[in-house]
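These are the structures in question, set out in turn.
Two complexes follow with subunit A in common, the first pairing it with subunit B and the second with subunit C.
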Partner chain A sequence: MAEKRKKKLGIKQRYSMLTRGLGWDTTYQDMDKVFPYDNYEGIIIHDWEGWEDPFRLTMDAYWKFQSEKEKKLYAVIDSFAQNNGHLGITDARYVNALKLFLTGVSPLEYQAARGFTHVGRHFRGVGPRVACQMQAIDELRHVQTQIHSMSHYNKYFDGLHSAPHMHDRVWYLSVPKSFFDDARTAGPFEFLTSISFAFEYVLTNLLFVPFMSGAAFNGDMATVTFGFSAQSDEARHMTLGLEVIKFMLEQDERNIPIVQRWMDKWFWRGTRMLALVAMMMDYMLPKRVMSWREAWDIYFTEAGGALFADLARYGIKPPKYADIATKEAEHISHQAWHIFYNYTHAAAFHTWVPEKDELDWLSEKYPNTFDKYYRPRLEYLDKEEKAGRRFYNDTLPMLCQVCQIPMGFTDMDDPTTISFEVSEYKDDKYHTCSLGCKDIFDYEPAKYVQAWLPVHQIYQGNCGGAEIPDVLKWYNFNLGADNMEYNGSPDQKLWDEWQAHRKKA
Partner chain B sequence: MSVASIGKYEFEPLDKVENFHGNQLTYLNWEQHLLFCAPVCLPLPPEMPFGAFMKEVLPGVYSKHPDFKEINWDEVTWTLDGDDFTPNMAASLADNGFGHKSLLRFWTPGLDGIEGSHS
Partner chain C sequence: MSLEIKTNVIQPRRHTYDHIAKRLGADKPATRYQEGTWDLQPTTNFHYRPTWDPSREIYDKSLTAIEMEDWYSFNDPRQLYYGTYTMARHKMMEAEENHFKFIGKSNMFGLMDDEWQQKIKEFLLPMRHYEWGANMNNCDCSDKAYGTAISQVALFAAMDRLGMAQIISRVGLLLDDSTGKSLDQAKADWMENDLWQGARRMIEDSFVVKDWFELLVAQNLSMDGVVFPLFYQYFDEAGQQHGGAPMSMLNEFMQDWGKDEKRWLDHLLKVTAAESPENAALLSKWASVWTDRAIEAFTPIAKHVLGEGAADVMTSIRAEITKRAQKSGIEI
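This part shows the complex of A and B:
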């Protein structure tokens, strides 16, 4: 007798078996004990099955798809190295954008892998759990592929040698680090709102697109290829971000004010971190893509506007202080670059005054502000540098208790005056750089009094010694190579030699 | 609001004054002179006289600026933690009202920075 063969599963059935079908309700232990983290934040979920999976991706398909992509990526990375791809970039100044990315952003991919692994364990609903687990693997792949894409530059350029070590110690890297520490120490729903929604959905185009198109414009094929390879993952991450918001909002109307507060908080924290990207776009790319102002108008004002119009039906408003952030788009790149120009002797990348045609470009892109507030200062700094008196700020800066950026941002209606905010908590003062950061502090002061502020840690004696060179050694800097002005740096000398050889040939 | 948490949430602040080896932190800002990108942070003994702070500390922070030697100190206006402030040169920082993490700002009338750009 012929055995009746079972039919192959349909896609939908197969998806259901390989995701939802893998979960079960525990009986020996109470579910609340097995999943202790998914309800203490106040988010009320009535039906975990209400979670929609727009991608319907199963793990077996995931591996197949990713390995194909990575085969292609590594072929490009190999050929980039074999063909001395670094000689094809526009200018060695460009590599400083990579230094910032590798020390500031790539370690965040690893932090994201840790965060998604954690929340991927702690949701009792199988749908979000599977989505988070896949994203955790994505993030782990991204940190690896980013390191591999950029490692070629480490053979020739300074400042790329100790990214994870620096990320945990260096003053400006505490800005992205503390952002993720804040997210990872929140509950699982706030983590997803911060990373999946505010960061991956609302702001990712302002981080990823500038870096990747910056790479494309400046001849860095290795990094561009990484960008393409990560694109399909990023699309999935964005979808998760929007899905988690809609899921929370649809489950119970008591979730709305909690979600709104998280959006306000993480939008603001995100824009603060993007100050680093803003200065990268306006100052660090020898061949510029677009100005920060233009990027903000396209990716936040237009795209974000459409998104929040869509969320209005749930009772969600655009993030608080979005109007201030939009005003900041006119100033923030100049102010952030000036902070790094002041303290380049303590940074693992170089800064410089833009060349004349680059200053003209900035004047053209920022007609109402650049000539008035920023150009005279840059021209003065240029004159000083050429006269052998390169300006450095010799005193450590005051930092914001929340975003941890030196307090270099001004009142946006008065761009010549620093913006100061202060809160009192248990007889101590806590200073913040903006109303956005002050609100965040005031809502959870017990969290932010624990901030590891690099300047205060140096003064407490926890960073390698009392003198700045001791601190920089503790950072693992090669003094005189990783830090200081670009003009006269070993990077510049090597680049100029290559260009001279090329002319001869 | 208290932090939503799974248990008791109470931790020591990292920047208590006891952690600074007898110093307290003072923040200082020269207004309308943004060549210095941000206010600075200084660990200072609370018993330091304000006069010594003026003579020994402040020039080390700001004397690189071409406006610095032009300052007429009699015309300078100050605020300490947001309130108008008239320093007593002979008294200590503590007796002048400086606490841990106090913010001292000063304005130098008539001086408006590099090319009038407030830098």
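This part shows the complex of A and C:
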């Protein structure tokens, strides 16, 4: 046989043949019936072939890379458990960041898996569908590996035992839950704008990265290994986020105002949820990575600024209220921590007044605000606690109708005045915490009036009973262990015992 | 003799998560499958209804007529969660990759009769579109399914179908010297050739099936119940007299996958049918309707490849599906 010249296909061409060519236009069933959800949002797509695959992974390569990463990760998780890795963290207070993560963030990974599965079925273009399916299964990876990494912590610390149950019920967890429910109940293009773009692309350095850096700084090898292992997945997810935005903007100029509105909305909703991360960074890490203010400056003001400068050629402006969010970076972590300090008897993690050197660090990092507004209050609370009068707030707070955070944030120009807005819809009044949340409400009031607001639900008797302990039992809290002040908690006592034992040994 | 390394033993305060202990009936160590599967899906207090379908909740039991007291009654007998899933598939793919390498290096496809090479183009390559349809259907089941246990097996299956569509495409590239012409022809056949219209119509009809459990039965029991034996066993055997051994090697992935699918699917059907006579009746109805259709849809291509023997083969494939279903408590 004559020597055959083997043609070598380029990656792009090969990927295209193995993937893009798989789809077809249905003729026995109407395409609009097969794909019923991808045009009601008003996004106009002329040519699905215009989709540029952000990463060209075929399944053979996917299985190979991912299984290798999994093998390494589980080896570390196993060795962490075998060697009592939890004894090597900086301080037991650190575990409270993990409690927040496992109950607040890991369930979002699951929601993301299901959300990407949904859009992975429902876009009529093969390119975006495959990218979404890969992200779907990646997100399943993330929730499962997080549960497996933290399984060991659950054996030794409180507050980690019932994440799915709590995520569906506990008041502050309705902040992340409603965020994701909002995205999942939106159309497929808005879902990608919210999760792939706003969440993964613009804000991931302010959400995922702080937790993982916090783990690295605080000796948590299990979590930081997960973080490194997930890094290449996250990079893929970010490129998907940018691609979907460019795709929509390039397809039709009528898409621009829709995309802009979604960016404004999801930027604001994202920054509200990040209040939880802000307080984690400034207050919950015994060894701090950087202040929230610094993280905001680097990852939003600088990196986000460059991104939006790049998008300006499409007619996209930086998100509305970005200026307010930047002002908030001076205050938000302190105000959020104060809210949780008030209500830590109803939370599945502990709070505390930072130690003196930690207060000094905050003074240094927040020269404009901390000494003036927040340090005196913390010092007062410290004095009260030491005098045996640890303060807990027994009145339930009003929640923002949109972001569901207790309405405790202030006017940024006047940090002694609570900020709130009022909207009317069908003869009822609805309260929001900010102009950003008010705009979101006013655009889709029929959606946001449906919100399952935990405080309203408690008062309506839907949460286990009339008294706070009834509600906490309904949350499946172990009272006196999961909740309350850190000082004197079982976590703290055990930690001190373990440390004393180690010193002796 | 055994070695004993002394370690610092710290008594754990609990052995697993609360919701896992509740299902285990005691606080005892759980498997990674259990911790990574049970109760992950939110079940209550959803904030908003989907704007794309306000008639339903985000997770909604009423998306199928099947009723289960507990949607975690089914557990994957393969115990696959993401980590074990990717490792298992990589292992299968590694073997397949070696076959591709071996065949490509020694140009083994050239050993097959030209006629048989042409046949493979006609019967196998259009199946990449069938696999893509199966990807969509499993994706849809995973999207709508209630509970993580079923949703994740369907997602794994969806990704597998994409993988198999790609394996079949690579066979095409081996046959057409990487020009992609055979894939274009296969698509034209899928769209227009009479041999394929029954199959394509069936798949397109399945795309609009509303009940996800019906779709799961249609795709994975009925259609796959015909496809995997027909294409990767009977057609494979028919190829032996035409020097089809190299193709047999490449069929290995699909053959193994078909066996693997049966493991979880038959168990799922069994658990679901055992729950109530109503469930069993629904499953029986769906399995009967879709198995009839699948047999009919693939008969033309069976005749094209097997000639007169096709009728007997289809009869025995049907009998095999019926037998499997019966074992799971389903009457076809």
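Simple rule for what comes next: the second predicted complex is superposed on the first by the 491 of 505 C-alpha atoms of A that agree within 3 Å, B and C clash if a C-alpha of one lies under 4 Å from a C-alpha of the other, contacts with A are read in each partner's own complex, and residues count from 1 in each chain.
Going forward, a contact is a pair of C-beta atoms (placed from the backbone, for glycine too) under 8 Å apart; a residue touches a chain by one contact, two chains touch by 3 or more.
Given the structure is predicted, the values throughout are model-derived calculations rather than measurements.
The superposition on subunit A brings subunit B alongside subunit C with room for both. Of the two partner chains, subunit B is the only one touched by A:339; subunit C is not. Once the two complexes are overlaid on the shared chain, A:394 sits against subunit B while remaining clear of subunit C. In the superposition on chain A, A:40 makes contact with both subunit B and subunit C. In the superposition on chain A, A:461 makes contact with subunit B only, while subunit C stays out of contact range.
When the two complexes are overlaid on their common chain A, residue A:450 makes contact with subunit B and with subunit C alike. When both complexes are overlaid on chain A, the residue A:417 reaches subunit B alone and has no touch with subunit C. Once the two complexes are overlaid on the shared chain, A:17 sits against subunit C while remaining clear of subunit B. Once chain A of one complex is fitted onto chain A of the other, the partner contacts of A:306 are absent, as it touches neither subunit B nor subunit C.
By the touch criterion stated above, A:144 is placed in contact with subunit C alone, subunit B being left untouched.
In the superposed model, subunit B and subunit C sit 130 degrees apart as seen from the Cα centre of subunit A, a figure rounded to the nearest 10.
Of all Cα pairs spanning subunit B and subunit C in the superposition, the closest are 5 Å apart. Comparing the two complexes, residues 36-37, 40, 187, 447, 450-452, 457 of subunit A contact subunit B in one case and subunit C in the other.
The residues of subunit A lying in touch with subunit C in their complex are 1, 4, 6-9, 17-19, 21-24, 26-29, 33-34, 36-37, 40, 58-60, 62-64, 66-68, 70-71, 73-74, 82-84, 87, 107, 110-111, 113-114, 117-118, 120-121, 126, 130, 133-134, 136-137, 140-141, 143-145, 147-148, 151, 154-158, 160-165, 167-169, 174, 177-178, 181-182, 184-188, 447-448, 450-452, 457, 476, 494, 498, 505. Within the complex formed with subunit B, the residues of subunit A that make contact are 36-37, 40-42, 187, 335, 338-339, 341-343, 372-377, 380, 391, 393-399, 406-408, 410, 416-418, 420, 422, 426, 428-431, 443-444, 446-447, 449-453, 455-457, 459-461.
The part of subunit B that touches subunit A in the complex is made up of residues 1-6, 9-16, 19-21, 23, 25, 27, 29, 31-32, 34-43, 60-61, 64, 81-82, 99-103, 114-119.
Residues 7-8, 10, 12-19, 32, 35-36, 39-53, 58-59, 81-83, 86-87, 89-90, 93-94, 96-97, 104, 107, 110, 128-129, 131-132, 135-136, 139-140, 142-143, 148, 151-152, 155-156, 158-160, 162-163, 165-166, 169-170, 173, 177-180, 183-184, 187, 190-191, 200-201, 204-205, 207-208 of subunit C touch subunit A in their complex.
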